[in-house]
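Same chain, two partners: chain A is paired with chain B first, then with chain C.
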Partner chain A sequence: MTESPQIESRLRETASGLLREKKVSLFLGYEKATLPFRTAPLFLTAADEAERLVWNPFCSANLAVYLPRLFKAPADAREAKAAPAPPTVGVVLKGCDARSVVALLQERQVPREKLLLVGVACPGMVDRRKAERALGEHACLGAGEDARGNVRAVVDDGTEVTLRREQIVADACLECRAPTPALHDLLLGTPVAGKQADAARRRVAELESKPLDARWARFQELAARCIRCNACRQACPMCAGCKTCLLDQTRPRWIGAGTDASDVALYHLLRAFHLAGRCTGCGACARACPMGLDVRLLSRKMSQEVEDLYGFRPGEAADATPVLSAFSLDDSQDFVTEP
Partner chain B sequence: MSQTLSAEQGTAAKAWEPKVVAFLCNWCSYAGADLAGVSRIQYPHNIRIIRVPCSGRINPAFLLRALQNGADAVLVSGCHPGDCHYISGNLAARRKFALFRELLQHAGIEPERVQFTWVSASEGGRFAAIVEKVVEQARKLGPNRKLVKSL
Partner chain C sequence: MTEKKIPQASLDKLLARLQERGTVYAPGRGASGDVALLEMPQGEPVLQDYGNFALSPKAFFLPQTQTLLRFRDGKAEEPSPPDRPVFLVGVRPCDAAALLALDKVFLDGDPRDPYYEHFRAKATIIALACTQPMASCFCTSVGGGPGDGAGADVLAVGLDTGLLLRAQTTRGEELLASLADLLAEPTAQDSQEADERIRAAEGQLAPARADDSARRLREAYDAPLWAAAGQKCLGCGTCSFLCPTCHCFDITDEVRNGAGRRVRTWDCCAYPLFTLHASGHNPRPTPKERWRQRLMHKFRYAVENHGRFFCVGCGRCIRNCPVSLDLRTALKEIS
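What follows is the complex of A and B.
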């Protein structure tokens, strides 16, 4: 059974209530998009427009990505004087999005007191590429959710096709350990249990079982198709929290801008490294990639390593110190070269 | 750095010798290398030393850039844990490097290309031994072709 219609109506009530009572000045949610299998982010400021909010299996975007730029610190005193008061933001969060917010809170990129977190227990979102692939050569004209939570799509020859939810759910959702937001002010929907079977670990182990050169070949396969559009960086809530990105620096220019094999490799290596202990596995990067690459190939390993070495799970406790800002005298050092 | 290295690359084509870039912290490892020098301890001359204030100052991007610019291996050395001139720089660095090395291995880069160690100001002999080991391993691996940028 799907809960989407109930969640949607409660979402609209909540948003209009919060805006009317001036508890929030901005409400972030999803609205209907023009293309099937998608929704668009909605920035709501008027209570009477809350009817535009939707909740369906296509609400995959991570809205946490918009938060850091709403609370950007003014550069100098003059800018501080001119800057408007920071908004109070209500935001719709799935389990992964809530983890991103926790990671941003750990890094003090967003103020907790200015946020009203509306958590939604997430049954797993549809990967539009998987759905399109499942439809084969047919183009989809429109899609919606049926009563059992599966997706019904109308295709170009006028027939209706039912796609089973578990077949088209996103990879990130298959790897999700906490689909119900742990940190929230309000929670909608019945809590969903996380998947104990560790799909992410299996994928890491699969690559790890191969010899070095095969791993490099796999990485190069990805890198060769990368067009360096930086969409993965733009979509990432943790990258949004970075005030200066090394890609934007020109002195030194750390990574050449083109698609030279070495530059692309450096880009993916450094991005994965910068996400160590921060990546919450929301899959926004993979969703944003126009080439459909598995851009989480390396960051998945980093998340696992951070947990194994330092017992740190990104996005779990808002008061924890980020793992690379902390240290302990007895951290493992097996990797150190001895004469 | 890139110009010098690529200029050397041209002449080194006949008899290949590994090039190792070493990032040494100012307070311990650089002094350790100095001690190796004044004590006349011999070590391979394949090493190019870059002095940094602290091992905590080293951004993994430095190491990748060195490899991209034609280094065959990179060595990072700082004070022993607990002895950092800045109290905890090397401890923060240790976490960074542990993860970084795992990352490189996962991507398929030989872990011996990026080596980390601790050398104190009194350990000239240890420094020489480490350099010998790192150069030996780099020689065994052969030229770095995976990350080097060819224009």
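What follows is the complex of A and C.
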């Protein structure tokens, strides 16, 4: 049985209550989008508009991506002085989104006391591309959730099609170890058990089992289709936390802006390295990619390296020191090679 | 306007004939399984059943990465672009119409853009009328239509038994004349079938409010909707990279030890770097100003300066926006 209708009404009550009592000045959630299989982020400031909030299988966006920019102080001292006080933000978080918030808290990109975390136990969100593919040549006119949590879509010939949730759920959800937000101020929905840690490991292991040239070929395949639009970077909450991105620097320009093979490769490798010990596996990058590329693999591999070396999983304990900022004499030194 | 018919059985011959004359790109299933313009020969060309390609064909005319010149020891050399004619088959009418917008930018002024001009002169566009508009499509609201041939040399319309070919330009007329042995005279029934298909597609398109957009946008420069959209916009640039009419570019010199190249790459108004001054000042400091600029350019400045929208209603930006921003909503809200 789906709990979505109950969660949705609790969300609306919660948001309007928090805004009315001025416990938050901004509430981040989801609202209906113009196309099926999607929702749009909603920036709510008026209690009487809380009815716009929705909760359904299409709330896939990771709203944590917006948090760093809400608290970023202007670089210019005079502007910083004139800037309005930072907001107090209520935000709807699934398990993956909450892990992003934890990682941002670890890096002190967002102030905990300004956040009111409304966690929702997540049954897995729909990958719109999978859903569209499942409908074949039929265009979807509208979609919703049925009582069992599956998706019902009305297609262009007027018929209704039921798509089973597990068949159209995002790949990241199939690997999610903690669909229920561990860190929250308020939790809605019955906690959902996480997937075994093996799921993501298997994917990395599958790649690693291949010979070097096969791995390289696979990477090149991805790079050849990448259009360097930056969507994966911009949708990533951890990238949002970065104050300066070397891709945006022009003096010197570290990396060409075009689609030459070396520039595309460098872009993806840099991103993977910068996400080592930071990527929480939310899948926002893959969701945002307009070419439908699964860009998660490299950052997943880097996270696994960090986990194996240091036993650190990003997004788990808000008071932990980020792994690359910490040093312990017990740290593994195996990877250090003599020149 | 010449109207001919190519029977289903002769389609392969037509593509083969074009390949004798140049490089042919036709719709096919690429590595991802999606229909894309692929270089012939390829497995099985798909000539009807697809919505539209993920990428617009603008890269054929404005390559995403183009070396303009190479230099070494104080001497510069311009690489010569490929000289072989190119045939683009199966381009949708919206994407063909987008070329007319790009022509305004690159060919309508002084100087003309020689790089774009070269690619444009080499290309013949055989558009394929659209029979499967998507929920994000709105071509009829911005001056186009699923059976519109503007921007194409030949417009093809799918029939049960083949394709109806309608010449749109002199080049299109010449092409059909040169393929005469493969073509048949269409019957009145063929023309009627084509028109019915186009009308059916038109009927599926929901209107968007683009009317009087220049005036409405002029008055809405300070409207609250820009801040609301800017709050959500991630600044990812997907919209403009996929847009068939977005054409802003950057030119960079890549130099090492006195040698290097000058390269032109796509740029995008959603990026802060796009307007960052050398002084450090940025006239479009936040996503609000950047998102407003994109709409203003397409629906106000283009109308004021070039007399047409710089939007053909292909809907790629709407389908692919990671946060579901829909420019139709903004166009409706600025009343």
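Simple rule for what comes next: the second predicted complex is superposed on the first by the 330 of 339 C-alpha atoms of A that agree within 3 Å, B and C clash if a C-alpha of one lies under 4 Å from a C-alpha of the other, contacts with A are read in each partner's own complex, and residues count from 1 in each chain.
Note that a residue touches a chain if its C-beta (ideal position, glycine included) is under 8 Å from a C-beta of that chain, and two chains touch if they have at least 3 such contacts.
What you are looking at is a predicted structure, and each value in this text was computed from that prediction instead of being measured.
Colleague: Would you check which partner chain A:292 touches, where first means chain B only, second means chain C only, and both and neither mean what they say?
Modeller: second
Colleague: Quick check on the superposed pair: does A:302 touch chain B, chain C, both, or neither? Answer first, second, both or neither.
Modeller: After superposing on A, A:302 lies in contact with chain B but is clear of chain C.
Colleague: Answer with first, second, both or neither: which of chain B and chain C does A:333 touch in the superposed model?
Modeller: first
Colleague: Under the stated touch criterion, which partner chain does A:260 make contact with: chain B (first), chain C (second), both, or neither?
Modeller: Both partners.
Colleague: Under the stated touch criterion, which partner chain does A:71 make contact with: chain B (first), chain C (second), both, or neither?
Modeller: Neither partner.
Colleague: After superposition on the shared chain, which partner residues are touched by A:273: those of chain B (first), chain C (second), both, or neither?
Modeller: first
Colleague: Identify the overlap between the chain B-contacting and the chain C-contacting residues of chain A.
Modeller: Residues 256, 260 of chain A touch both chain B and chain C.
Colleague: What part of chain A is in contact with chain B in the complex they form?
Modeller: 204, 207-208, 212-219, 246, 254, 256, 260, 262-263, 265-266, 268-270, 272-273, 276-277, 298, 301-302, 305-306, 309-310, 323-329, 331-333, 335-339
Colleague: Touching residues of chain A toward chain C in the complex: what are they?
Modeller: Checking each residue of chain A against chain C gives 33-36, 38-41, 43, 61, 65-66, 133, 137, 139-141, 156, 221, 225, 227-231, 233-235, 248, 250, 253, 256-260, 284, 287-288, 290-292.
Colleague: Within the complex, which stretch of chain B touches chain A?
Modeller: Interface residues on the chain B side: 60-61, 64-65, 68, 75, 81-82, 88, 91-92, 94-111, 115-118, 126, 129-130, 132-134, 146-150.
Colleague: Name, in rising order, each residue of chain C that touches chain A in their complex.
Modeller: 31-34, 49, 51, 54-55, 64-65, 132, 134-136, 204, 228, 231-232, 234-238, 241-242, 250, 252, 254, 263, 265-268, 271-273, 316, 318-320, 322-326, 328-329
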